[in-house]
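Next come two complexes built around subunit A: one with subunit B, the other with subunit C.
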Partner chain A sequence: MNGGRLLLALALLFGAAPARAQPSEDSVKAAFLPRFARYVAWPPPAAPAPGAPFQLCLIGRDPFGRLLDRAASSELIDGHNVAVRRLASAGQARGCHLAFVQGVAGTDTARLLLALRGQPVLTVTDARAGPQRGMIHFTIVGGRVRFFIDDAAAAERGLVISSRLLALAAGVRQRR
Partner chain B sequence: MNTRHVATLLLLGPACAAFSGARAEAQDAPAPLPAAAPANPDLSQLSIEELAQLPVRSASKREEPLSAAATALFVITSDDIVNSAADSLPEALRLAPNLNVQQVNGHEYAISARGFNSVETANKLLVLMDGRSIYSTLHSGVFWDVRTPLLEDIAQIEVISGPGGTLYGPNAVNGVINILSRDAGETLGGLVRGTAGTFEQSAAARYGVAVGEAGAVRFYANWFNFDDHRQAPIGPVLRDRFHGWRAGFRGDFATARDRFTLQGDIFDNRIASLPGDRNQGHNLLGRWTRDLSGTASFRIQAYYDHVERRYLLTFDSLETAEAEAQLNLQAGAHDIVIGGGLRTTRDEFINNLNAFRLNPQSRRLWVYNAFVQDRFALTPTLSLIAGIKAEDTSFTGIELLPNVRIAWHPDDRTLLWAAVSRAVRTPSRIDRQLEFPPLLTGGSFQSEKLVAFEAGYRGQPTARTTLSVSAFYNAYDDIRTTEFQPGGALPIQLMNGLEGHTYGVEAWSASQLAPWLRVNLGLSTLWKRFHEKPGHADLAQRDALGHDPHLQLFLRAELTPVERLRLNFGLRRIGRLAGGGGGEPPISAYVEADANLSFRLSDTLEFYLAGNNLLHRTHLESNDTQRATLAQRSVYLGTRLRF
Partner chain C sequence: MRRLVRLQERWSSAPYAIVATVALLLLAGIGIILQNEAAYRDLQAQETRVQADILSASVTAALDFGDRQAAQEAVDTVRVNRQIRAIGVYDQAGALIAGYGRDGAGPPPRFVEPLPPAGNAVTATVPVISRSARIGTVFLAADPEPLSRRLTRYLVIGLLVVMAALVVGVLGLGQSALRRVNRILAERAEALVRANAELKVQVGERTKAEDQLRQAHKMQALGQLTGGIAHDFNNLLTVIQGSADMLRRPALADDKRLRYADAVVQASARAAALTGQLLAFARRQPLRPEIIEVNDLIRGMTDLLDRTLGERIEVKTRLSADACAVEADRAQLESALLNIAVNARDAMPDGGVLTIRTAGLEEAHAGRMVALSVSDSGSGMDEDTLSRAFEPFFTTKATGKGTGLGLSQVYGFASQSGGDVRIDSSPGEGTTVTLLLPCSGLAGRQRQDEEELAGPERRRSGRILLVEDNEEVGEFAETLLGELGHKVTRVRSGEAALRAALDEGFDAVFTDVVMPGMSGLELADRLAELRPQLPVILTTGYSDEIARSGPGGRPVILKPYRLETLAAAIDQSLGRKDQ
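On to the complex of A and B.
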C-alpha cells in the first residue's frame, strides 16, 4: 500500500477530520424544505414561469430564521431559484409553491391548513408543533429527520410527488 | 426424581407484569452515518437520501432519553426488521448483538442478555410491548410463542443490556427489551404480505384510516405456519409444528395538548405436540398523555392482558391488570421523572402431566411501585442521573432499587458513561410455591439480587462510523439453588444459595462504507464465576445459571447496488455451550447465515427471497434435553403490496 492510500485509510479509521458537530434538527429540516421542490411537479398553471423562482412560504411561526435563507439560496432547480417569503396569514399565500405551516398554537396550524385548501401548494408541517398534518409532515425516526407524505392530499391539489421522495417517507398515505 | 428439573415440566405457563419507563429515543443508538459527513456539514451538498440518514441533535430536551443515555442500548429499527429475513419476533431479536437468542424448538425460544440463558433460567429480562409487561409470573420468563405481532407494525425495539434502572420495572435485572409499535398515523392505507416456503408460510393484512384531522386507526390480522422441526439427538420425541393467527387494532388521537392511544390484540395458536395444545389470549391498553406546559407532561396508562396456555396436559392462565402514572418535569438544569403504578395478576396452574403443582393452584398477586429520577446537568457536558424505585410485592415486601449514572459528552461525537445500579428478580410462583409432595415443598425463596457496575463509550469515531463499547461487572447474590433441609432431610426446597459474578464486553459498530454499502459488526463476551455460599449445596448443580456462550460475533451487510434492489445479509458465530450437571451435553459453536434479497417492482409492490440458517440443513442451538429440536434451514418467497 502506498503512503497516500495508507493515510486515507488512517483518516477513515480514526477520523482525522476535526470533530464534526452533529447538525441540529432545525438545520436539517431547513435543508429539506427547498429541496422538496425538486421532487414535486406542479400543475402547469401553478408551476413557476421560466426564470422565475419557486416560492417557499413560511406561514405563521418561523422556527428556522437564517437557516432557511441559507439553505434556499444554494438551491437551483432546473434554472429556478428558491425565494423565501414569510407570511403572517394564509390569505397572502397566492403564488406560494411550498408552504411550511406552523401556528402559534396547535389549533392555528389547523386553521392555516384549512385556508390553504384548494390551492396547489405543497403544505409542510412538523410533528413537534402538533398533530395537524400537511402533505409532508416532519417527524423524528431513530434520531433522524424523516417525514410522512400524504400523497392523496397532494393528488387532490394536482401535485405529483416523485417516487424518489415517496421512497424516503417514513409512511405514505397513497393516492386513491 | 430428577430434582434438577424441578421446574421443568411446570414451565408451560402464562404471561405478564411491570412498568414502562420514559421512552428512550433512538438518537442515542449507534446507527449508520450518511456516506458524506464533512467536517462542517454543508447540508446543501448532501443528497436528499443522505439528509434523511443524518443523525441530528434533538430540538426537544424532554424527549431526550432519560434512562437510555447512559446505558448499553441497541436499537432495532423497523427498516432493520423488514429488510432482514426475520419471520418472527424472536428471530428479529437476533439483530441485537447484546442478546443471546437460542431457538429451542418450533415455538420456544430462550433469550437473555448477559447470561443465564435457557427456557427455565432466562428470568432476569424485562420485556415490554407498548408498555405491557409480558414476562410470566409463573417462572419470570417470557413465553415467546404467545407474542406474535405483525412485524411490519413495529416502530423500533430498544434492547438494553444491563439493569434498566429506576424507570423500568421489576425483572429488569440483566436487560430490557422494549418493543414499540408504530403510531396509527404512520400506517395509513393498506398492506398485504404473503410468504411461502417449503417449511413456513404466512399471510398478513393491515389497513389504516385517518379519523378526523389528527387521528388514525388501523386494523391488522396475521396468520403463520411453521412445520415440524427435525428431532434432535439430545431432545424429546415431540412434534412442534406451530401455527395460528393474531388480529388487533391501534388508534391514536391527538388534540393540541393531549394524545390518546387505544390498542388491543386477540390471538389463537396451536402446537402439534398433543391434540388440544393451544395458546389463546387478548389484551387492551389505553394511554393518555397531556402536555402541561412547555416543560412538563403527564401520562396515564392502563391495560388488561389475558393469556391461556394448554401444553402437554397442563393448563396455565394469567390475567394481568395494571395502571400507572408518570410525570415528566424540566426545571432549570434538572430533568425529573416521578411515577408510580399498581399491578395485579391472577394466575391458575393445573398440571395433569406429573405431580408437580403450585400451592395454591390459583393466586392473586399485587405489586406497587413508586419511583423518582433526576437527570441533573452538572456542567454543559457532564450529567448526573440518580434515581430510586421502591417496590412492594406480595412475596417479598418492599425492595429498593437505586441507580446512579454519569454521562460525559466531551463533544458532540462522544459519550462516555458509567453506572452503578442495584436490581432484583422478585420470586416467581414456581420459586415460592412449587410442590411435589412429599419430596418438595414451597419455601421462603427471596429475591435474587444484583449490583451492576458498568461503563461505556458511544460515539462517532469517524464520520462514517458509529461505535458503542460497554463493559460490565455484575455481582450477584441469592441466586436460586435446590437444597435439602439442613442435615440432609426432606423435603427439598428452592433456596438462595449461590453467589458470584459475571463480566464481559459488548461492542457494535455501523459503518456506511459507500452510499450503497452499510456494514454492522457486533460482539459480546461473557464470563461467569459462581459458588455455593457456606452451608448451601445445590442439588440442581447450578442449573439456575443457564447455558451461555463465552463469545458471540455478528456481521451484517446491506447492499443497495441499484435503486430497487436490496440485499441484506447476516452472519453470526455463536460460541460453544458447556455441558450441564443435569446431563445436558455440550453444544459446539456454530456459524449461521441469513439473507433477504428484495426487489421493488414499483412503489407499491415488493418481492423478496429470504432464508434463515442457510449454511447447514440443521443445527442445534440449545442443549435443553427436555425440549430441543433442530433449528432448520428455511427459504421462502415473499411479497408485500401497499396501497
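On to the complex of A and C.
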C-alpha cells in the first residue's frame, strides 16, 4: 500500500510521462465506478425503467467530487444516462443501483453496508477506508488500482456479475 | 455402308473434341483450384476475424478497466494458435495495451487507420465495443497456409484432372485407331460389294452358258432318242407292212397267212413294248401291281430268254427258296429282266453264261426284300460307263442298236416299286445287275385271280356304244366289236355319247379317255349319275388323268389292245350287268 502511494506520488511528481499523463488513484476509481454497471445485471424489478437514468449513489463520504460527475456524464449504459446521487445515510438509498459506501469512521462503513442489506444494490467499498468489504472492494496491487469481488454476496441480492469482470478481479469470493 | 460413312464423318471431328475436352478439363481443374484457394482465403480471413472477435470480447473488461495484464492474458490464450503471427490490443486512443509478435514481427506500436499491409499475412481489425461504445481495437495477423500444404491439398484435384485428361487422351487414341480400322473396313466392304457384283455377273453368264449347254444336251439326247426309236419302229413297221402286203395277196396258203399274221402280231407287241419302255422311262406309266412269285416268273421266262438271247448264250438259274413274292407290275418286271438280259447278251458277243439268281434278304430300312440278280461273263464296264449306266439315252451300242433306255426303264420301275437297282462290274470281270424289290405279305392270291379271269368262255353279245374321236381307231374298234357279235353305235365325242346313251338303251359303253371336250372319265362320271347300271369300259394309250386319279374302279384297256383282251373286258362288263 505504501509502495503504491509512493508510486502514485512519483507519478504525480513526474507527471509528464513520455506517452501520457499518469491518472490519479481517485480519478481511476471514479472512472471505474460507472463502468462496473456495464458488467452487472440487476434483477428485473430493480433494473432502471426505459428512459430512467441509472442511479449511482455515493453514501457517506465523497472522496471523488467532480471526478465522478465527469466520469458519469460520459457514460451511457444500455441507453441509460448515469445520475450521481450523494446521500448521507442508507435510509435514502431506495432506487440506487450502485452504491459507493464509505463511512466517516471505519465502523460507519460497516453500519451503512448493513443498512443496505436486503436491497438489490451493488455495493462498492475502498480498502483505503477500512477493511469492511462491499460486493466490490477497491485495493492497490503493484501500484495499480485493482478490486476484489464478493460474488456470493452479489448473488444473495440477485445480482449477476459478468465473468469478464470477475476475470479482472484481484480475488473473488465465489458464489456457492 | 452409308451408315459406316456417316459414322466416319461424325468421328472425324472427334480429335478436336478430345483436345477441347482435355483443355476444358485442365481449365476446370485450374478454376477449381483458384476458386478453392479464394474460398480458403475467405475462410481464413473469416477465421482470423472470428478469433479477433473472440479476443475483442475477452479484452473488453480489461480495456474498460485498463488492465494490461488481463489483456495480455487474453492475448496469450489466442497465441496458442501457431498460425497467428501478431496480435495487438489498442485502447481508445490507439495506444498498444497488449500484444504479441512471433519471430520478431510485432504488432504496430500504435493503431492508426488504415494499418499498413502486413505482407502476405491475413489480417483482421476488430473494434472493442463495451455497451455500444467503442473502447479500443484488436488487431490480428495470421500466416496464410504454407505453400507446400496448399499444394498437397491441390495435388488431389490436380491428380484427378490429370487422370481425367489421361482417360480422355487414351479414349482419343483408341478412337483414332478405331477410325483407322473403320476406314479399312469400309474400303474392304466396298471391295466386297464390287467383287460381289462382279461375281453376280459371272454367275449370270455361267448360268446362261449352262442353260445353253443343257439345251444342246437335250437336243442331242432327243436326236439319239428319235434315231433309236425311229430305227426300231421302222424295223417293226417294215415287218408289219410287209406282212400286211403279203396277206393281201390272193390265194395265199393258210399256213403262210397265219405266219404273216403272227409276224404282224409280234411286231406290234414289240412296238407296244417299246412305247411302254418310253413311258416307264418317263415314269408316267400307271403301274398295275399284282402279287408275283419271283421264282415262278423267272421259270416262266427261261424259254423266252433262251430264244431271245440266242444259242451262244447259256442261261442258268439259281433260285433260292427264300425268295418271297413281290407286289409289282408283271409286264414291267418282265420287261426289266428282259432289258438286263439283252444288255448281258450284247456284252457277250462271243457267247457266255447268263446266271439269274434270287435271294431273300433283310434290309435295314426297307425290311424284307428279294434280290433278283442277273450276271454275265462278258466284257464288263469301266468306271465311266458304270457311272452313266442309268442315264437315259446313254448307250455304248452303235446308233440304231439301242435306245439307251433299257437300264433307265429298270431303274424307273425299281424306284416306282419301292425297290432299288445295283450294278457290280469291272472290265473283263463281267457284270451283275441286282434288282431289289420289297417283299409282299400277300402271297398266292394272284394265281386265283388268273384262274377266275381265264374262266369258262362265255361269249355274250349286246348293244355297245363306242366313243372314239380318232377315225382309224374308231373304225378298227367298230369292226372288232362287230366281229365279236356286238351291235355297235359309234359316236365321236363325249357330248354325243351322253345324248345317245339317254335316247337309246345300251348294254355297255366303250370309250376313249383322251378326247377334245368332254373326256372319257367325265363321260363315265356323268353316266354313273344318269345310268348307274350302264357299265363303262375305258381305253387309252396314255392318260395324265388316269395316271393321276385312277380309273375310279372301271376296267381300263390299254392301247394297243388285242382282240382277246377287248372281248374279255366286254364280256365281263356285260356279265356284271346281267347279274
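Simple rule for what comes next: the second predicted complex is superposed on the first by the 156 of 176 C-alpha atoms of A that agree within 3 Å, B and C clash if a C-alpha of one lies under 4 Å from a C-alpha of the other, contacts with A are read in each partner's own complex, and residues count from 1 in each chain.
Here is the rule we go by: a contact is a pair of C-beta atoms (placed from the backbone, for glycine too) under 8 Å apart; a residue touches a chain by one contact, two chains touch by 3 or more.
Predicted model only: the values in this text are computed from it and were never measured.
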When subunit B and subunit C are modelled together on subunit A, clash or fit: clash
Which superposed partner A:Ile140 touches (first subunit B, second subunit C, both, neither): first
Contacts of A:Val28 with subunit B and subunit C, given as first, second, both or neither: both
First, second, both or neither for A:Ala155, with subunit B first and subunit C second: neither
First, second, both or neither for A:Gln132, with subunit B first and subunit C second: first
First (subunit B), second (subunit C), both or neither touched by A:Ala47: neither
Superposition-derived comparison: subunit B or subunit C, residues of subunit A touched: B
First (subunit B), second (subunit C), both or neither touched by A:Ala167: both
Subunit B versus subunit C as contact partner of A:Ala110, first or second or both or neither: first
Partner chain(s) touched by A:Leu87 [first = subunit B, second = subunit C, both, neither]: neither
Partner chain(s) touched by A:Asp78 [first = subunit B, second = subunit C, both, neither]: second
From 217-225, 415-423 or 559-567, the subunit B stretch with C-alpha clashes against subunit C: 559-567
Doubly contacted subunit A residues - partners subunit C and subunit B: 19-20, 28, 32, 35, 38-39, 144, 164-165, 167-168
Residues of subunit A defined as touching subunit C within the complex: 19-20, 28, 32, 35, 38-39, 76-78, 144, 162, 164-165, 167-168
Residue numbers on subunit C that touch subunit A, as the complex places them: 57-58, 60-62, 64-67, 70, 93, 95, 130-133
Subunit B residues within the subunit A interface of the complex: 25-29, 31, 37-41, 43-44, 46, 48-49, 51-60, 63, 75, 77, 155-156, 182, 185-189, 210, 213-214, 254-257, 259, 411-413, 460-464, 603-604, 642-643
Touching residues (chain side subunit A, partner subunit B) in the complex: 11-15, 17-28, 30-32, 35, 38-39, 70-71, 74-75, 105-107, 110, 128, 130-133, 140-146, 148, 163-168, 170-174
